[in-house]
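Note that subunit A is present in both complexes that follow, paired respectively with subunit B and with subunit C.
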Partner chain A sequence: MSDPSRTGLAERLGRLDRRWLYLVLLVAVGVSVVLRPLFPDQPSVFVRPVFERIERLEPGQSVLVSLDYSPVSAPEIEPMAFAITRHVLLRGAHPVFVTLFPEGPAMYERLRVEVLERDFPELVAGRDWTMLGYKAGGRMVINAMRQEMAAMFAGDAEGRRLGDLPGLRGYRRLGDFPLVVSLSSGTPGLKEWILYGGDPSGVPVVGGCTGIGTPEYLAYFPSQLQGILGGLKGASEYEAALADRHPGAGFPRRAGRVMGPQTVAHVVILLFLVLGNVAYLRRPGRRQPEERP
Partner chain B sequence: MKRLIPRVITTAVGVVLIVTALVVRPEAEATGGPLAVFDFIDRNFSVWFNILAVFAFILGGANLLRVHLLKVVRRQTDWAFSLVTLVSFVAVLVVGLAKLGGPAGLEGSVTHPEAWLTTVFDGLYEPLMSTLFALLAFFVASAAYRAFRLRSVESSVLLVAAFVVLLGRTPLGTWLSNLLPPGLAFLRIDTLSMWILAVPNVAGQRAVLIGIAVGVIALTVRLLAGRDQRSGGPA
Partner chain C sequence: MSTSFEVWIAAALTLMVFSFLWRDNPFYKFAEHLFVGVSAGYWMVLGFWSTLWPNAVVKLVPEAARVTEPAAALPDRDPLVIIPLALGLLMLLRLWPRAAWLARWPTAFAVGTTLGYNLVRTVRSDFLAQIHATVAPGLVIRTPAGAIDWIATGNQGVIVAGTACCLAYFTYTRTARRARGGVARAGLLLLMVAFGASFAYAVMSRVSLLISRLQFLLGDWLGLA
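And now, the complex of A and B:
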């Protein structure tokens, strides 16, 4: 015989109105957004190669950074773009931005205002960093860049001729770059940079992607894809590594601050996962092992 | 003839591009003689494709206008939504093409902070997309509560893996793991989470990728041989 109080609780849990769940999640995340706790973090085996690759850049070297994301995935990927750009510039290297997403130029604008102009006011567009702009065509843009940059871009997004850009002096094609960084939320993005850029030209590719996209890209790690920042956690790990190696820089840890609400959301989901299964295992009418024929 | 010509073009272009990809040749500057033709093809086919891709935007826009205009004119179901689509499409197109609001007018950047398109992007598009994406958290929580059940061995394995990865991708997983004695370090949630991602997940992903690649090769051979029905091959 089953305990009536237990089956009653199980029934109530089983019939729980989903709006209670939404309310608990909203309150829990809301409180953590207000408190903004900062947890310690350290780079994982996937994140560390990205950090070390950029840490080894020589001053004056140019790095191709592809901003292949839109506002939908910006909360996860934008902190990566900010942290990597800061790191590249701290090393004295020259980021060359490009985007395969139509929304990319607007994402670059935010990067320009919030990182390039705010954190590095002494640097000048065109001289210390380059934005080539958006090109339609996805994988074929990469293919053309592999052959010759000028085949795709006559100049930068502000109309300067390619030959007048110091960051692209000596960089005629994709293979001339020491590193390609693709911050990607889908197609075209990281996968295309690996298959059509890194593999045929031999240029090392690292990247960042949404948490949900990480398992797919790990299939290319570590030979075709040398490192990856997976979701907000990856961005937080990168920020922690940057703060650890360059403590004087004092950059804000945007992803680290958002990890609090994400952690709370994960815990609430896990809690309801457990409660849902307790209700399922104790529901009346569920056959017990000894009742099986 | 109507079917033959596209098939011949498809086969010829396909074979040329495959040969171009497979022919090993030195750096472009050093290439001369017969090999130079492969560099020419490799470089220019990509550019031609990109020119076509730009026209696809025009075709896509024209098609969107046609479909929704017809729906509004014929007062079909949900025609009001089509009207909203049309008004939004035309308004954003005009704002973007005319570079309205930007200090330098048509000479300036469409993404200038003062451009109206930036206002549309920052004030409408971005909050709308972010809101839609944020709602996913509530749906995931609800779905996890109602659907993720210990029904069978397979679902139990899936549930445990999800539990470990979800917890392992948060600082809480690391904190809980630090409570374990050194002898039980192999049970660290963050380590287990990384193992699940790096070993069983990668094995499955690579198997799927290799399977897809074999399928693509088979489809390509059918296309090049003119055997694919959807591309005008024999029924």
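And now, the complex of A and C:
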């Protein structure tokens, strides 16, 4: 016979209104957002190649950074964009921004205000970094850039001619860049940069993507995709590597600060999973598996 | 607490959307309809100024570039842009039943070119390159020492064996029994592990969005964080 008190608890757990779970999760995450714990982090095998490739850039080299995300995925992708841009500029390299998303220019504006102008006030747009702007067409844009940058962009987003941009001198086509970074939340994005940019031209491609998109892109690592920042965890690992290698820079660890609440949320969800399974296994009337003779 | 009107509006809308967790209600409906309406309007305006204007109008009338950027260098005139513009207009004829058949031409053009363009690249990058990356490095040599990296080689072996097991699970031409049944079962377990990892990444993404909203509510709005 089953223990009635245990069965009662299992029944109550099974009938628990899901809104209690929402409330517990909300309170747990809310408290950790206020307390802002910062856990130590270190780059994984997927993140380290991205960091090392940018760390090896020579001063003056240009890197193509594609901001292929929108406000919907900004909480995950924006910390990556901020950290990678800071790293590129710390190395003395020249980021050349482009976007395949219509909302990309708005994302670039946030990057310009919060990173380029705030952290590097001595740098000048057009001279130290370039924003080519948004082009509709997705994979066709990448294909055209592979053959001739000028075929797609007559100048930068502020109207300067391509020939007047120091960051693009000697970079006539995609293959001339030492690295392409795609920060992507969907299509067109990282996959298009791999298929239509990296694979045919041989230019190394690294990227960052949302947590949901990560499993899809991991299939290309490491032969077609040299490194990847998967979701907020990847961004946090990158920030930790940057703080470790450049301790004097003192950049905020935006993703790292979110990993505290993220960890708390995961612990709460795991707890709910365990409780849910206990309730399921102990509920009265559940068919027991037949014993083998 | 914030004194910004915009922040209060954003906080109110966030709370209206969160209220769905309690139950469906008029506040949630209002926020939902507002979001759909504003999104549609935003996309229409964005589509016009970021796609139609620079790719069609400016290429036909270069002086139009100065409407959005007064200091912009004038691009060369490109009359050939009339062809895609005409194809785009043909698409709209779908709205007029007597001429709706004409919309098939741009549709056929778009499907044909996309198919032809993608076929080669997809086969090369998504099929052949994936097979090559899975099978080719049987023994992983640690450069520059030239010694065999046994851990990486072991990992590669697991990937090859795992791929074979998963493929065996999807082989339906014969009933999987005995050894092949065991291999298929191993493939099923590996698939479950992969789905679990994918689901965990999805949870991380959704929790990131929740944290972002709570940061906004507790930090930007209430000033607690």
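Basically, the second predicted complex is superposed on the first by the 288 of 293 C-alpha atoms of A that agree within 3 Å, B and C clash if a C-alpha of one lies under 4 Å from a C-alpha of the other, contacts with A are read in each partner's own complex, and residues count from 1 in each chain.
Note that a contact is a pair of C-beta atoms (placed from the backbone, for glycine too) under 8 Å apart; a residue touches a chain by one contact, two chains touch by 3 or more.
Computed from a predicted structure; not experimentally measured.
Enquirer: By the touch definition at the top of the document, which applies to A:22: first (subunit B), second (subunit C), both, or neither?
Expert: Both partners, subunit B and subunit C.
Enquirer: I'd like to know which partner A:194 touches here: subunit B for first, subunit C for second, both or neither.
Expert: In the superposed model, A:194 contacts subunit C only, not subunit B.
Enquirer: Can you tell me whether subunit B or subunit C touches more residues on subunit A?
Expert: Counting residues of subunit A touched by each partner, the higher count goes to B.
Enquirer: Could you tell me if A:147 is touching subunit B, subunit C, both of them or neither one (first, second, both, neither)?
Expert: Only subunit B is touched by A:147; subunit C is not.
Enquirer: Mind working out whether A:272 is in touch with subunit B, subunit C, both or neither, as first, second, both or neither?
Expert: A:272 contacts subunit B only, not subunit C.
Enquirer: Kindly classify A:126 by the partners it touches after superposition: subunit B alone (first), subunit C alone (second), both, or neither?
Expert: In the superposition, A:126 contacts neither subunit B nor subunit C.
Enquirer: For A:136, decide between first (touching subunit B), second (touching subunit C), both and neither.
Expert: It touches subunit B and subunit C both.
Enquirer: Have a look at where A:186 lands relative to subunit B and subunit C in the superposition and call it first, second, both or neither.
Expert: neither
Enquirer: Is A:155 in contact with subunit B, with subunit C, with both, or with neither (first, second, both, neither)?
Expert: second
Enquirer: Between subunit B and subunit C, whom does A:109 touch in the aligned arrangement: first, second, both, or neither?
Expert: A:109: touches subunit B, not subunit C.
Enquirer: Using the superposition described at the top, list the residues of subunit A that contact subunit B and also contact subunit C.
Expert: On subunit A, the overlap between the subunit B and subunit C contacts is residues 22, 25-26, 29, 74-75, 103, 105, 136, 140, 143, 158, 211, 214-215, 219, 231, 233, 262, 265-266, 269.
Enquirer: Enumerate the contact residues on subunit A facing subunit C in the complex.
Expert: 19, 22, 25-26, 29-30, 33-34, 36, 74-76, 102-103, 105, 134, 136, 139-140, 143, 154-155, 158-161, 194-196, 199-200, 210-212, 214-215, 219, 223-224, 230-233, 258, 261-262, 265-266, 269
Enquirer: Which residues, counting only subunit C, touch subunit A once they are in their complex?
Expert: 21-22, 43, 46-47, 50-51, 55, 69, 71-73, 75, 117-118, 121-122, 124-126, 129-130, 132-133, 194, 197-198, 201-205, 207-212, 214-215, 218-219, 224-225
Enquirer: Subunit A touches which residues of subunit B in the complex?
Expert: Those residues of subunit B that touch subunit A are 28, 39, 42-43, 46-47, 49-50, 53-54, 56-57, 109-111, 113, 118, 121-122, 125-126, 129-130, 132-133, 137-138, 140-142, 144-146, 148-151, 159, 162-163, 166-167, 169-172, 174-175, 194, 197-198, 201-202, 205-206, 209.
Enquirer: Show which residues of subunit A lie in contact with subunit B when the two form their complex.
Expert: It comes out as residues 16, 18, 21-22, 25-26, 29, 39-41, 44-45, 70-75, 103, 105-106, 108-109, 113, 135-138, 140-141, 143-144, 147-148, 151-152, 157-158, 173, 211, 214-216, 218-219, 221, 231, 233, 259, 262-263, 265-270, 272-273, 275-277, 280-281.
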